[in-house]
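Two complexes, one shared chain (chain A), two partners (chain B, chain C).
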Partner chain A sequence: MMLLFKKVIYLYLILVINLYVCSYLLNRISSRFELKRGYTIGRVGGLGYPVLKLFRYLSKNDRLNIWEILIFFFSFFIWTIIPFSPSLIIIRFENDLIIALLFYLVLLFLILMNASRSRYGFVFKNATKNILMIYTFFMPVIFCIAGIVLINRTLTLKEIVGFQYQYWNIVYQPLGFIVMFTSALLLMKLFTVTKKSTLLLGQDILKEGSGFGRLTVRISYYSTLFFIIVMIIILYLAGWQNLFFINGNIIFAVKFYIIFFILVLLDKATPQLNDFNYLVSINWRFLIPVSAVNFLLTIIFFILRNIYGII
Partner chain B sequence: MAKELYDGIYSSHKLVFIEKIKKNLEFYLKDKTLEIKILGQEIFCKADVESLYEILREIRENPELEVDILSSINKYISENRCIVLLNLSSISNNFSMLIKVALKSPADDRESFAAEYNKLINEIGRIYESAVFYLESSTIKDQYSDIVIRSHIMDGLDSFDTYLQAEDGIITKANISAGISTVPIYSVTGNIGITELISKISRFDYNAGIFPELCFCLALEELMQIKVAKRVQFIRMIISELMRISNHLSYISKMAIILGSEIALSHVLIEQERMLRLIELITGSRVHPNYIRIGGVRKDLNEEKLKNISASIAQLLKKMPKIESMLLDNTIITNKLKNTGIAEKRAVHNCGVTGPNLRASGARYDLRKNRNLLLYKDVSFLVATGKYGDCLERFYIRFREIYQSITIIEQLTDSIPDEHIKKLINLSELDMPYTEMISSIECPHGVFKIYFEIAGNTVLKLVVMGPSRNSLYLAENILCGNRAEDIELILASLDISSGEIMQELPV
Partner chain C sequence: MRPVIRDFFSGFGNLFRKPRTVVYPKEKIIIPEGSRGIPRLKLDLDSLEIICNGCGDCQRVCPENCIKIRKSVDEDGREILDEFYLDLSKCIFCGNCVEFCNLDAIEMTYRHQLAEPDRHAFMLEKLDLIKQADYSLRDFWTK
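Coming up: the complex of A and B.
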C-alpha cells in the first residue's frame, strides 16, 4: 500500500513539474518569437509567470460543471496506465496499449463535450464538424500503432520498449513516425495550447471568464499533448532504454523535452490553422494515405517473414 | 530660364486638356445643363432633375466623352433643399466630373423627399448599375438573410453590417448596409472656420490623417493661386509617403492577425511604431497631425530630423523583405489568399474603386502619375500593378507600394532644396467671395475627393467622397461565390477605413 502511495506521489510530482516546465518553456519560446518585452518576473517567459497564471485562474469565481470535473479527474487518471519508467506503472494490464488508447479517446470526448456546453457559444452548430475532424486525426494514429504492433507482436508497452534494445522502431517505421509527429503537431494546433482556440470553441470563447474550469481544460490540453509525446517516445524512440552508459530515465526526459521543443517551435513558426477545409485536406491527402501505405508495407513484410519465411 | 518658367507655372495651368473637354461638354449639353465650369482639375456641372437622365445618357454613350464610371453619389441638405452630387469619371479620357442636382421636395417632409431621391436613383440606375447601392431605404431585412454580421463583431471593420445568404457554406448573396455610419457630424461639415476645419478634417481618415488636410489645403491654394515653395512641396511629399507606409503597415498587421501569423504581426507592429514615432517627431502627433497649412507647413524640417528620417527608412528597408518572406513564402498563407475574393478589372471599374484595390486588378491608375500632384514628377518611381485581383494580389501590392514609397523618400531627403519659407497669407484678414471647389488626392485607400462651398472666412458645406465606400460596394459583388469562412479575410483585404464611410445624418 505504501509502495503504491509512493508511486502515486512520484507520478504526480513528475506531472506537476512537467506542467510547470512546459508552460514556462512555451511562454519563453513564444515571447522570444513575438519579441515581447516587460518586467522580468511578471512578464511572459519569466520564471514566476506559470505560478502567477495559476493564481489568476484560482482567483476567479467560476461555477464548475460535470464535464470540467471529469476532465480534471481523467487528465490525471490517464497517467496510471502510461508509464514514464518501467517501475512507475500503477495499474497493470496485459494489453495496456489498447486501454491507453481508449483512455485517450475518452479524454478527447470529454474535452469536446465541455466545448459544446460552452455558455456563450456557438458550438452545436459546428460541434459535429470538429468531432469528425479530431477523430479523423485519430485514424492515422491507429494505423501507425497497428504497424508497430505487427512488428513487435505484442500489445504491452513494456514489451514494446524491451523489443527496441538493439534497433529503435523508427528504423523500421520511418513513415509511421512522420505521420505520428505531424498528427501531434496538428492536434496541438487544434487544441492550441499556445492560444485559446476560436475554431474549436467558437469566436465567443474569448469572452469567457477564466476560472478553475478554464484551468482544468488547459491541464487537459497539456495532458493530451504529453500523452502523444510519450506515445511517440515509447513506440518509436525506445522509451527508457539505456543509451550507452546513460540512465534510461534521464534519456526519457531528454527525448521528451526535445520533442516538445520541436513541436512548439513548429507550432509557432507556422500560422494558425483555423481553416477547416485545409485541415481536412491535410488529413485526407497526406496523413491517411501515408499511414495506410505504411501499414500495407508492414503487412507484406510480416507475411513474407513469418508465414513464408522468405526474409 | 527653365527654372523661372518652372516656378511660374501653377498646378491649375498644367492641365490644358480639361479645357478641351469642357468645350466638348458645352457643345453637346448646351440646353440641358444650367452651368458648366472648371473647378481645380475637374469639371463641375449643375443640372435639373428632369434633364438629368438625358445628360447622363449623352455623356455615357457619346464616344468623345465616354463617361463610364459612377464613382459615388452623395447628398446633403442646404436651405431646406436636398442636393445630390454625382461623381462620375472616364477611363479613356482621364477626367472626372461632378454633377450637382437639387431635388424639388423640401427636406422637412421626410417621406416625399425620400421617395423622390429613390426615384432619382432608380432613374440613374438605368444607365449606371452601381447606383442601386446608394438607395435610401434598403430592402435588406434580417429575416431574408442566413448570416448577419453586426458591426461590432469584426475587428477594425466596425462601420457597417453585413447580411449574407449562404448555401452549403458558400455565399450566394451579400448585402452591406453602412447605415450605422450615418452620424451627426455637423460641427465638421458645415459653417466652420478654415483654420478649425484644417485641424478637424483629419478625422475622416484616422489611418492616414495627413491626406484630408493636404487635399483641403491644395484646394484653397488653387483658389487663391498661391505659388508654393519647392521645399514645402518636398516636405509634404515626405510626410505623405511616411503616412502611406504607416497605413499599409497597419493593413498588413490586420491581415496578419486574420491569417494567424503571430511572429509576422509582432515584427510589423514594431515597424509601424517606428513610422509613427517618425511622424510624431515631424508633426507632433500620431493620428491627427494638423500639419499642413495653406501655402506651407506648420514646422520646417531641420538637419537632425532629415537624418532621423533617412536612418529609420534604411532600417525599414532592411526589415521589410524579412516580413514579406514570413508572410508570402508560406504556402499555408498563400493557399488561403489565392483565388479568394477575385475582383475582375471590369467589375472594379464599374464599382468606381480606385487606389491599390484597382491596381491589383491590373489597371495602371495613380493620381501621383496621372495628374501632376505636388512634385511627384521630379521623383522616379514605378506604379505597382497586379494582374488577377484576388486577395493575394491585393496583399502583395501593399508591399510593393511600401518599397516604392521608400525609394521616393530616399530621393526626396537627398535632394531637398534649402529655401527660406516665409509666411504668405494672414487668415484672419481673408475674405473670399462665394465659390465652390473640388479637390482630390491619392490617399492610401484610393482617390480621396472633397467638395466644399466657401464664403468669407468660413466653409459653408463640406462633402467628403472617400474611396472606402466604393470598396464596400465591390465587397458586395465579390463576396458571392466565396466560402463563409473567408468573409473577414476578403473584407480586410479591401482596406476599408471607417472614417471615409462616415455620412452626415439628414435632419
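Coming up: the complex of A and C.
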C-alpha cells in the first residue's frame, strides 16, 4: 500500500514539474522565437510566470461543472497506465496500449462535452470542429500503432520498449514516426497551446470558464500533448532504454524535452491553420495514405517472414 | 515545405540573439535623431523673450487646426504674442508649424510619452510650451 502511495506521489510530482517546465519553456521559446522578451513579471527570467499564471486562474470566481471535474481527474488518471519508467506503473494491464488509447479518446470526448455546454454558439461550433479534427488525426495514428504491434507482436508498452534494446522502432518504421510526429504537431496547433487563437476552445476567457474550470481544460490540453509525445518516445524511440552508459530515466526526459522543443519551434514556424479544408487535405492526402502504405508494407513483411519464412 | 524549414532555422537562431523589445518602465528606448515630439516655443537667448511675434503662419498651415493664437500690440506699437494654445489631443506631429515659421520660433522636442489621465491636460498654454525646452535633448529619456 505504501509503495503504491509512493508511486502515485512520484507520478504526480513528475507531472507537476513537467507542467511547470513546459509552461515556462512555451513562454520563453515562443517569445524569443519572435525576438521578444516574453513575460518577465515573475522576475528571475520569468521563472515565476507559470505560478503567476496558476494564481491568475485561481483568483477568478468560477462555478465548476461536472465535465470540468471529470476532465481534471481524467487528465491525471490517464498517466496511471502509461509507464514513465519500468517500475512507475500504477495499474498493470496486459494490453495496456489499447487501454491507454481508449483513455485518450475518452479525455478528448470529455473536452468536447465540456465545450458543448457553452452558451456561445461559436465556441461550441469551433470546439466541436477542433475535437472532431483531432479524432480524424487519430486514424493515421492507429495505423502506425498497428504497424508497431505487428513488428513487436505485443500490446504491452513495457514489452514494446524491451524489444527495442538493439534497434529502435524508428529504424523499422520511419514513415510511421513521421506520421505520428505530424499528427502531434497538428494536435498542438489545434489546441493552440502556444498562442491565443480564435479557434481556441476557451478563447472567451473573459466571458466564461475563467477560473479553476479553465485551468482544468488547460491541463487537459497539456495532458493530451504529453500523451502523444510519450507514446512517440515509447513506440519509436526506445522509451527508457539506456543509451550507452546514461541512465534510461534521464534519457527519457531528454527525449521528451527535445521532441517538445522541436514541436514548439515547428508550431511557431508554420502558419496558423484556420482553414479546416486545408487540415482535412493534410489528413487525407498525406497522413492517412502514408500511414496506410506503411501498414501495408509492414503486413507484407510480416506475412513473408512469419508465414512463408522467406525473409 | 521549404519556407517552414527556413522559418524553423531562423527562429532557432533567434533564440540566441538579443531580444528587440525592452521592459518598458525599467528600460527606455533610444529615440532616433530627428524624431518629432511636442513642439516648443523658443526663447531669445539674449533677452530671454519669446521669439514668436504671433504672425499666425503656423495656425494657418496646421492641418488639424490645433493651434490657436491671440496677439496684441505693445506700447511701442509692435505686435507681440499674447496667447498661444496647442491642443495635443489633435496634434499629429506633422512639423508643418516648424517648417513654415519665418522667425524659426518653434522647434520639435523629443518628448514622446504623453499619457495623461485628464484630457484637459493636453491643452498646452504658452508657458507650458516654453517649459518643453527641458525635453529638447535627445538622450534625456535614455538615461
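One rule holds in what follows: the second predicted complex is superposed on the first by the 278 of 311 C-alpha atoms of A that agree within 3 Å, B and C clash if a C-alpha of one lies under 4 Å from a C-alpha of the other, contacts with A are read in each partner's own complex, and residues count from 1 in each chain.
Quick note on the criterion: contacts are C-beta pairs under 8 Å (C-beta built on N, C-alpha and C of every residue); 3 or more make two chains touch, one makes a residue touch a chain.
No experiment lies behind these values; they were computed from the predicted model shown.
**Student:** According to the stated criteria, A:Tyr278 is in contact with first (chain B), second (chain C), both, or neither; which is it?
**Tutor:** first
**Student:** A:Tyr167 contacts which: chain B (first), chain C (second), both, neither?
**Tutor:** In the superposed model, A:Tyr167 contacts neither chain B nor chain C.
**Student:** Which partner chains sit in contact with A:Phe55 here, chain B, chain C, both or neither? Use first/second/both/neither.
**Tutor:** Touch partners of A:Phe55: none, neither chain B nor chain C.
**Student:** Answer with first, second, both or neither: which of chain B and chain C does A:Leu265 touch in the superposed model?
**Tutor:** In the superposition, A:Leu265 contacts chain C only.
**Student:** Touching A:Ile29, do we find chain B (first), chain C (second), both, or neither?
**Tutor:** After superposing on A, A:Ile29 lies in contact with chain C but is clear of chain B.
**Student:** Per the definitions at the top, what is the overlap between the chain A residues touching chain B and those touching chain C?
**Tutor:** 33-36, 268-270
**Student:** Looking at the complex, which residues from chain C come into contact with chain A?
**Tutor:** 4-5, 7-8, 11-12, 14-15, 17, 19-23
**Student:** What does chain A use to touch chain B in their complex?
**Tutor:** 30, 33-36, 203, 268-278
**Student:** In the complex formed with chain A, which residues of chain B make contact?
**Tutor:** Spelled out, the residues of chain B in touch with chain A are 153, 259-263, 265-267, 270, 330, 332-333, 335-336, 483, 485.
**Student:** Within the complex, which stretch of chain A touches chain C?
**Tutor:** Residue positions touching the partner: 29, 31-37, 40, 265-266, 268-270.
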